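Okay, so subunit A shows up in both of these, paired with subunit B first and subunit C after.
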Partner chain A sequence: MLAEVDSREPAFEERENARHEFLIRAMNAATTASSAACLHVRHRARRLRPHRHCASLLASAFAAVASLALAQGSTVDEIAKYRDALAEGNPAELWEARGEALWKQPRGPKQVSFERCDLGLGAGVVHGAYAQLPRYFPDADRVQDLESRLVWCMVTQQGLNAADAVKTPFGDGSARRSELEALTAYVVAQSRGAKMNVPLDTPRIREMYALGEKMFYFRGGTHDFSCATCHSEEGKRIRLQDLPNLSTTAGAQKAYTTWPAYRVSQGELRTFEWRLNDCFRQQRFPELVYGSDTAIALTTYLAHNANGAEVQAPSIKR
Partner chain B sequence: MRCANLDWRRIAVTSAVLSAIVGCATTPSDEAVRAQATEVMKASFKPRGQANLDRLDQDETQRVCSAYAGHALPGDVAKRIEQDNLKTIGYPADGKLLGDWKNGEKIAQEGRGKQYSDDPAAPTGGNCYACHRLSAQELSYGTIGPSLYHFGKDRGYTDENRRYAYGKVYNAEAFVACSNMPRFGYKGILTEQQIKDVVALLMDPASPVNQ
Partner chain C sequence: MPDPMKIRATQAGDSTEVRVLMSHEMETGQRKDPQGKTIPAWFIQNVTATYNDKVVMQAQWGTAIAKNPYLAFKFKGGAKGEKVQITWTDNHGEKRTDEATIA
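After this line comes the complex of A and B, so read on.
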């Protein structure tokens, strides 16, 4: 990972651009003609962030692989191969680097860095912390997932305004990039390879787990959808997209441990709260509030069910 | 909302209603947790676009199907859900069930509609291909529902089958209790004309579904 650097420093920008060129080249190796155009775009637009065109070209490459795979009977193998080819050059690294800088920077009216933030293993300890979240935090008197814990540290330790801290947790298009996505990427990366270990060892986390299970089966909205509508049977897909069966241990382990992910189709790193938020949008529900008890209960349900599996995130997805 | 601050009297009342519906199939603590989960959900969402908080108000079918999810649905409960939903089906006053399969194909392809990110003024899609195979030409289909390829050809182009197809799209719960399929007519997702067009996609001998 990068040393402590100020993201505004020109040398940092330069290094990051060089790193990004490398990442893009690695992706090109896997995507032939479409990514050659992508590289061209990258040379013209020397920006830290993956270019939108790259994202859409890569998305087309994914679609092409998917169509080919259909003819062969399954999309899974081909997409897995493609993902392996990309794993070496996952643009999520850019979010991790930005998150590390944000983590170490004194911030907010109180000019305090996250190095005082306790993610459950002691102040400032990030190594392995994500694999043990959500958990009950006595200081907040609440079960918190990583993202709501980060917000808690921003508000109580750094003195940031609570409403401002969660105003655009998933960014705001091209106008504003999300600090929470970057911070989440950095913290999760420090658990890569660690086994999920979320015990139901307090009454409050037991309560959250039980609520999450019921929420998973809650049918509502105009279309009568619940999480289980799409995620409780083996081998199902929507259009060509394979759906994980989250009602089994193996399914929850595989799905939960690969979030957050760099989403090629969006050119963004997306967190698990984003995943829940966008599932509910497609369920035709109103908008899930960031850091709400429903987000935390569902996360607790899936994280506990994923126990024993190694964190493989931030990963890369279509 | 903190879970500990919930209004337990309200939960007890809701639980009692649920217990009456669900009977002895699930434990009482199950009912209390489900009622609490519903309360927590109502505090965890905010209205956006066309999606208001009333979308979290479950009707009886949604409530009972949520309660039995992951368990076997008892025969008498299934029968009542199907009977109640059967009563909601409104067949066209003009007696015509077959619209234009070309429009039906567009409706089957269109996934937008009713999401808070969708334009409420635009026509709503049926998104049939998300879950079903229909025409042989469309390779990008889902598998949550059964294949409907050759739907009319295999069953026969009869009045009875046209009526069944219309009813199934209008309210799938009338035929299979706790089906994953949305109730397109009953919940106002598709208009009567749109349902006729989808029925044509399934039942018109000229439709690509039947080639």
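After this line comes the complex of A and C, so read on.
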């Protein structure tokens, strides 16, 4: 029955087999097996084909699933209410304010402010700029997202050392603060309400998009995970957090346009690069290098898929 | 020097609604750092709001208030163009005062 044997260690496989066998024997023995028990077996032994005895019980199992979905719906509603309550007075504004001050302040050895930094719409233009990123920048000869562009401006215009510029990409919610998070919050906030518009209009950005798509479906690491493992089906969640289905337009739009966000549980504003970085950690992938092509490719893939949706960030998340 | 507050004050009917975001650790004194040492409590103790030199709201806070607190309140009166002042003091004796114009 267990045709699909994977590479896990044999001891584990044997244990699992024994458990599956036990569950199935128990189910066969029970002449009036309840639909719940049947469901349980099917869940535990996901690799098995639906058992014969189980099939007759499927109808009632569906009823059980439906009521489960309803119960879940009300939980989701309550969480939505909690999020609405949080959204009023979003501390992300504190980061926006800090970012605005940083944007206008002359910085680095060359004492230049970001008002010379071109985010794609002209030097110093921030309004609506985030909704059109990532894009190909001829001056850098590279496709860049907002964060890598900010770093580029810090290095080439303000004269900062490249290593110093990316020393603190993410803050820790208290003493260790990230200027990049604050700057990102400020720039993104200037695109609130603007529609995402990332066209694949140059060969370089098309290349980045294709690479991002490949990365999204690339399985690897100790857990043989890809982004798509968690993010290409409806209705998946980790604990109480719904996982967006990023393979659909609606899913990509909802997810992409709500980052950066203030994370209440971390007391910190988190950027999209942080989100990718943490997803890589959760997948047990090698650490994602800040501003790397991999990060930009995934960002390009999701940003383009989110085209047409309004930027709602910086938002607030649990 | 603590970060500035973000204050919004809007006049509606016969009252003024004030919404304030403060930047503060609000450490409870219950948490431990990775070395197992207790992180000392550090939180805002007093919040005072004044309008035309008159105290319109006063609050005494404890460690149950969240990090980066958000406070919203209303007071009777207030006129557009006038200023509302908010001051907080924490248990380290640190203080921050900011003001906003009523819109």
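A few points about this structure:
The rule we apply is simple: the second predicted complex is superposed on the first by the 239 of 318 C-alpha atoms of A that agree within 3 Å, B and C clash if a C-alpha of one lies under 4 Å from a C-alpha of the other, contacts with A are read in each partner's own complex, and residues count from 1 in each chain.
Heads up, the rule we're going with is that contacts are C-beta pairs under 8 Å (C-beta built on N, C-alpha and C of every residue); 3 or more make two chains touch, one makes a residue touch a chain.
Please read these numbers as outputs of a predicted model, since none were measured by experiment.
When both complexes are overlaid on chain A, the residue A:194 reaches neither subunit B nor subunit C. With both structures placed on the common chain, the touch criterion links A:228 to subunit B but leaves subunit C unconnected.
In the superposition on chain A, A:284 makes contact with subunit B only, while subunit C stays out of contact range. Using the contact criterion defined above for the overlaid structures, shared-chain residue A:155 touches neither subunit B nor subunit C, since it reaches no partner. When the two structures are aligned on the shared chain, A:214 is found in touch with subunit B, with no touch to subunit C.
After overlaying the two complexes on the shared chain, residue contacts for A:239 are found with subunit B alone; subunit C is out of touch.
Touching more residues of subunit A than its counterpart among subunit B and subunit C is B.
Put simply, subunit A touches subunit C in their complex at residues 88-91, 93-94, 97-98, 173-174, 264, 267.
Residues of subunit A that touch subunit B in their complex: 67, 70, 141-142, 204, 207-208, 210-211, 214-215, 217-226, 228-230, 232-233, 235-241, 243, 247, 280-282, 284-289, 292-295, 297. Those residues of subunit C lying in contact with subunit A across their complex are 3-4, 6, 19, 21, 23, 25, 66-68, 70, 72. On the side of subunit B, the complex with subunit A involves touching residues 1-3, 33-34, 36-38, 40-41, 43-48, 51-53, 55-58, 61-62, 65-66, 69-70, 114-117, 129-131, 139-144, 173, 180, 182-183, 187-189.
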